[in-house]
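Look for chain A in each of the two complexes below; its partner is chain B in the first and chain C in the second.
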Partner chain A sequence: MSPTTRKEPRRIKDMSLPSEQVAHVEPQDLVPLPPPYDKLEEQPRFKPLSDDSRAKLEASLDDTLCIGCPKPASKEEEERLIQAFISGLHKLFTKENNWTFLQPLTLSMEHCARCQTCVDDCPVYEESGKNEVYRPTYRSEILRRLYFKYVKPGLPGFQTFQNGGIELNWTLISRLLELSYRCTLCRRCAQSCPIGVDNGLITHEIRKLFSSEMGLTAKDLHEKGTVQQLAVGSSTGMIPVVVKDNIEFIDEDMTDRTGIKVETKWDVEGAEVLLLHNAGEILAWPDNPGCFALLLDAAGISWTMSSDLVGYDGVNYGLFYDDVQLARIAYRHFEIAKKLKVKKIVMGECGHESKALGVIADRVFQGIPRETAMTLMADIVFSGRIKFDPSRNDFPVTLHDPCNLARAMGVIEPQRKVLRYLAPRFREMHPHGVRNYCCGGGSGFAIMSQFNFQDWRLQINGRRKFRQILEAFQDTDLTSNDPKYVCAPCSNCKGQIRDLFDYYGAKEKSGLHYGGLVELVVNAMVDLKEPFINWEIM
Partner chain B sequence: MTVFHILAYASLLVLGAGVIARILRLASMPLHLRWELYPVPHERGRAGYGGSRLEEVNWWTKSHRADHVTELRTMLMEILLLKGVWEHNRPLWLSTFTLHFGLYLLIGEAALLVLGGLLILTGGALPQALGAVILALAWAGYLMGLAGSVLMLGRRLFDPKLRAFNSSGHLFNLLLLGAIHATGLLWIAGDPLYISRLTGFLAGLAAPAGPFNLPMLGYWHVGLVLFFFVYFPFTHMTHAFVKYFTYHNVRWEDEPNLPGSRLQEKIVRLESQAPTWAAPHIGADGKKTWVDIVTKTGEEKS
Partner chain C sequence: MATFERGNVKIEVDEDGFMAEPEKWNEEVALALASTENVMDMTEAHWKVANYLRNYYQQFGIAPMIRKLCKETGFSLKEIYDLYPSGPAKGACKVAGLPKPTGCV
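Here is the complex of A and B:
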């Protein structure tokens, strides 16, 4: 491997030139972590891609693979793929194919001043040691040049003069495909653009082009994600009978641990609330749905879950790559809520579910009102219906803001109100709220570990969040395993934070634990004889 | 009427048509999915920390009054002071602010010159105070504009952060703007009749009566401005007015599709279009509508 110099500004048009690999990050390029994670030699090694992967798959972008697109078998296949890409590029700018984002995309394509104001707000670019290829503007600029070359060429030569040229070939296309999966779509860059250009959206649209026209996308999002969810009911693979079994087990466990009878309601017509969890909670963090069941009952709320296909899984990975898949899942959620005649859908602790169903799908189907679990929980906590003892949460707590809840929905305060009341040692990360940093697992990355992608998302993508967490607990002893709690009210974020803590051994080394908001609420309930949170089994 | 008259009318026509065409094209694009980005400044009482109405339980039952004052204040801070660049790209701020503010001053000067031209056409004279303001705006505008162009050119050429993304057009744009400001500055510095010549030029455009009374530098300056008018609508510099769409139609556009909303009718129309995406899982054939594709297919395994 002969990676080119890492920090040398790389011309956009070089992305079309064949080379073994265009970007490479050395461990010493990464922004250092604070003690006790500051020793390079103690950090996990970045596993190299296998020779077999490099031989068979398009792996010339950087040190990892997310998609792993096979190399074309022949020149003819390569040409067919290039033509398919050009066809998809045209369709991306037609209203019959892309009415959903045509205006925002066109605005971002045609008006960027290339001032690079956004780049330092991207945690991937920053934490990688400012690797050029990870600039939020880099992939956008490739698409922009192709747009002006193929979709809006104008007078001969004028657009090349104005916007720069680029050669379209399979090398470029395959790199662009991988590059569209090096961004978490957190949109922090968009927030800082003075013109209103949105590089997160452009990345989303590149993914859509590849998926909707060429069928190229991440297996975890598509085959194992939306396709499986529509076919069997959940991206976890759980069919209805399995979900009910698992929930029954959770109810029993909760009843045993709390001494309060917990019984999840299924398919109750006319309930006030249809509770829609990310089904990953049921398998990975069963305390979360268990605590919701206990809390809603204690608050006297009439609620139900649905055992219809897709009705028990709020996941909607279509949000990250394909509008049609997004709409298919949202449609089923709306139809189930209508069938049950519930008054509202409450979206569980899941950021992307909340954004997909609460905001994005708002312009796909008009349906039952939706709100996030954050608002409902704040309402319950301050309603006076339940007695709390905040001293039960007397341990350091910090809050991670899921991007989809904070930046994309403006849901900032309800969870803070709860924590300021129920967690006496609550402290903020910096920056937080609407200027938060992504956990590094956004846009579906949290469920992706193929090839050596996990190394990339934990060492580079999640680095800023890990650093923020450590900094939030700087007043504590990070070399002792006295428990410290990161409240992450989002399933995907929890998955990423779990992997970060495992990767760096942070639970053993520093006593770092993570969980949702509802667990802290239930932990403080006076009706429970013992505190609910058990550090041994977390 | 002279050739210069014709060139001037043509460039104004291209500018007007180009700007209107771009606005119409963008404004007529279909309603898109919600894609707002917080903070949204019209969120009354919440904009300061980036909150939204979605923070309230049963938010759809609550009345919602937009805070247009905060929105306007945010817009002015962004437009006049380039607050976004100040906060996120401080090293670039001085050069871009100087360039932009110089242009604003010259737009102000142009507006007052038009007023002066109108006064002359209607038989009046240019009030002395107005002349002084025009001169002050012109001096400050040319100086700031020239300094900003040179500083920006320097950044584009020597700042590695920007250099990799330069096109020939980016450099040309700055050279053009610099040349406009430089010729304007030289003209105003050497010609005590600067204002009367320019108001006369504008009056001559409105009521052609023989050649313009401009010095050579004046012709160069006005000629470059007219060229800029022709060129501008076809460049990314249109962000000057397109920002309205990026902010109001996307970033701050948070209208919910509640029952009875005017949005629903538009959505139904959009969903009746027939996509042609080719990937098998979409199931498009150019005939099936978007809503049929979404509601009646997709459960089969790929």
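Here is the complex of A and C:
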């Protein structure tokens, strides 16, 4: 593709026209990173898709693949897929089939004034060098034109004039499938819309159509995600005996390192708190569940974990692509809490878990309150029950706001209150709170690296966050590896931030480390013989 | 799913390059997969990590906690990265013939 054409406005109708590739981004299109990451030649190379992938899979959208839908084997199969798409499109707009989001979806379809205010708020669009196809309204406009053509056609003859025409064919559908996995569902665009049109929701609904009606979705979210979670108990594949063994290891490790006896409680009936972690924490960031166990005991709270299938994994990837899977998992969480007769569920440091249990599946959890770990921690820290020495956190700390906690739920202040007290060198990123930027791993991207998707999510999706982190530490020496801490109270965000730091060598180059909030709280506890954070093992 | 061929080795791999049929793993396969992970020479230290992962996987059906891997092999996380530049999950597990770790890890 010639470099002069790559940023030309892409008309919607181009999406239906067969071509090798609609969008292309060159390294020099990307927003430059600040020093010491500013030399293009030192940056990782974007691996091209293999010829084999291009030959077998639908890869005509851009430089990468997330879903990698196989090309239809015959004209008949292609026709069947098109019909399934049209059927799913109709279902999206009926109450019986879309009991969750019909109203905001319809409002977003009918009321967008095309003012494009949201466009400059999208980090993917901005960081890609403003590539047209990543514009949040571009994707929505495709669905909107299909809506006005198939679901709510106007007067014959006026249709194209009123709402813009569109040709529905397999080329368009296969590109729309991939395009629905280029947005992280961060909903910054929805935040900035003057009338509340939700382009993030539209992306979500497109994914839902593909998943429910055509079985097309990301393997990591569905087959290895929700399906595995419902079958064996966790998206990580941990069965109860493994999770208990791992937690025992964490308890012993914490006890050794802190000198305080740590013992996780299992299946305690009538406990005040059912603690529900993202199970990924146990495998990848064990200090996090270990610190929760220590802190809750120190605060005198009666708590328990559940060893029932699904009861030890708070993730609910259904949130990202399929309401039915979402409801199945949420209902399991509800049943377990009810069986244990706990007073409330506390969601560990996981953004999407908090949103799924706290907001989206609200009606499932009749009579069982849910609380995020942020408010619980703020209550504990300021309860006076535990003595702290903030000088133990004497290193630069910044805070990443997980989109699902901050923008979707409005949980902004508790984590800051804690950091302002316990991290003397805390500094904000800008912007933050409800105006934060996504880590770039949102909507499950952080766990995806198939084909060359990792290059895409780290070079384009996560670029804004990486720049923001570097900017937050501008007053420090970014060429020295003196430790700096990015507090990211969300498993998915931590995975993405870890990958960003690995990718750009930021730990070695700039001393950038990351972790959760509870680790900083425990690190400042006077009862610990010495600070607990160990930069070597992070 | 794709076929990965190197020398005498011919195996099925997923979109991330992890083995689709982990039971077909052997040392020759490990050497072939190592070459895709910028591991040019499988030293004794590399094998120690790979064999631990392999044994744990055969026992429990998933990859171990990273912290356990470090403790049991005696290597720090940094040393694991020095051995396997893509890290314990994406690099070492792949060479040890485990399927790609799943969930938010």
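One rule holds for everything that comes next: the second predicted complex is superposed on the first by the 531 of 538 C-alpha atoms of A that agree within 3 Å, B and C clash if a C-alpha of one lies under 4 Å from a C-alpha of the other, contacts with A are read in each partner's own complex, and residues count from 1 in each chain.
The definition used in the following text is that a contact is a pair of C-beta atoms (placed from the backbone, for glycine too) under 8 Å apart; a residue touches a chain by one contact, two chains touch by 3 or more.
Computed from a predicted model, the values in this text were never measured in an experiment.
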Regarding the shared-chain residue A:A190, is it in contact with chain B (first), chain C (second), both, or neither? first
Tell me the contact category for A:N246 with respect to chain B and chain C: first, second, both or neither. second
Applying the touch criterion given at the start, work out whether A:T137 contacts chain B, chain C, both or neither, answering first, second, both or neither. first
If you stack the two complexes on chain A, which partner ends up touching A:I282: first (chain B), second (chain C), both, or neither? second
Can you tell me whether chain B or chain C touches more residues on chain A? B
Check the residue A:P104 against both partner chains and state whether it touches chain B (first), chain C (second), both, or neither. first
Applying the document's definition of touch, where does A:D120 land relative to chain B and chain C: first, second, both, or neither? first
Once the shared chain is lined up, is A:N163 touching chain B (first), chain C (second), both, or neither of them? first
Quick check on the superposed pair: does A:G358 touch chain B, chain C, both, or neither? Answer first, second, both or neither. first
Is A:Q325 touching anything from chain B or chain C once the two structures are fitted on A? First, second, both or neither. first
Of the residues on chain A, which ones does chain B touch that chain C also touches? 228
Where on chain C is chain A touching in the complex? 2, 14-16, 60-63, 65-68, 70-71, 76-78, 87, 89-90, 100-105
What residues of chain A sit close enough to touch chain B in their complex? 9-12, 84, 87-88, 91, 95-97, 99-104, 106-108, 110-121, 132, 137, 141, 154, 158, 160-164, 187, 190-198, 201, 211-215, 222-223, 227-228, 230-231, 323-325, 327-328, 331, 344, 358-360, 362-364, 366, 369, 371-372, 374-376, 378-379, 406-414, 433-435
Chain A partner, complex, touching residues on chain B are 26, 29-40, 43, 46, 49-60, 78, 82-85, 87-89, 92, 96, 160-170, 172, 234-236, 238-239, 242-243, 245-247, 249-251, 256-259, 261, 263-264, 267, 270-271, 273-282, 290, 293-295, 298-302
Once bound in the complex, which stretches of chain A touch chain C? 52, 68, 219-220, 224-225, 228, 234-239, 242, 246, 249-250, 253, 278-284, 286, 313, 315, 350, 446-447, 449-451, 491-492, 495, 502, 536-538
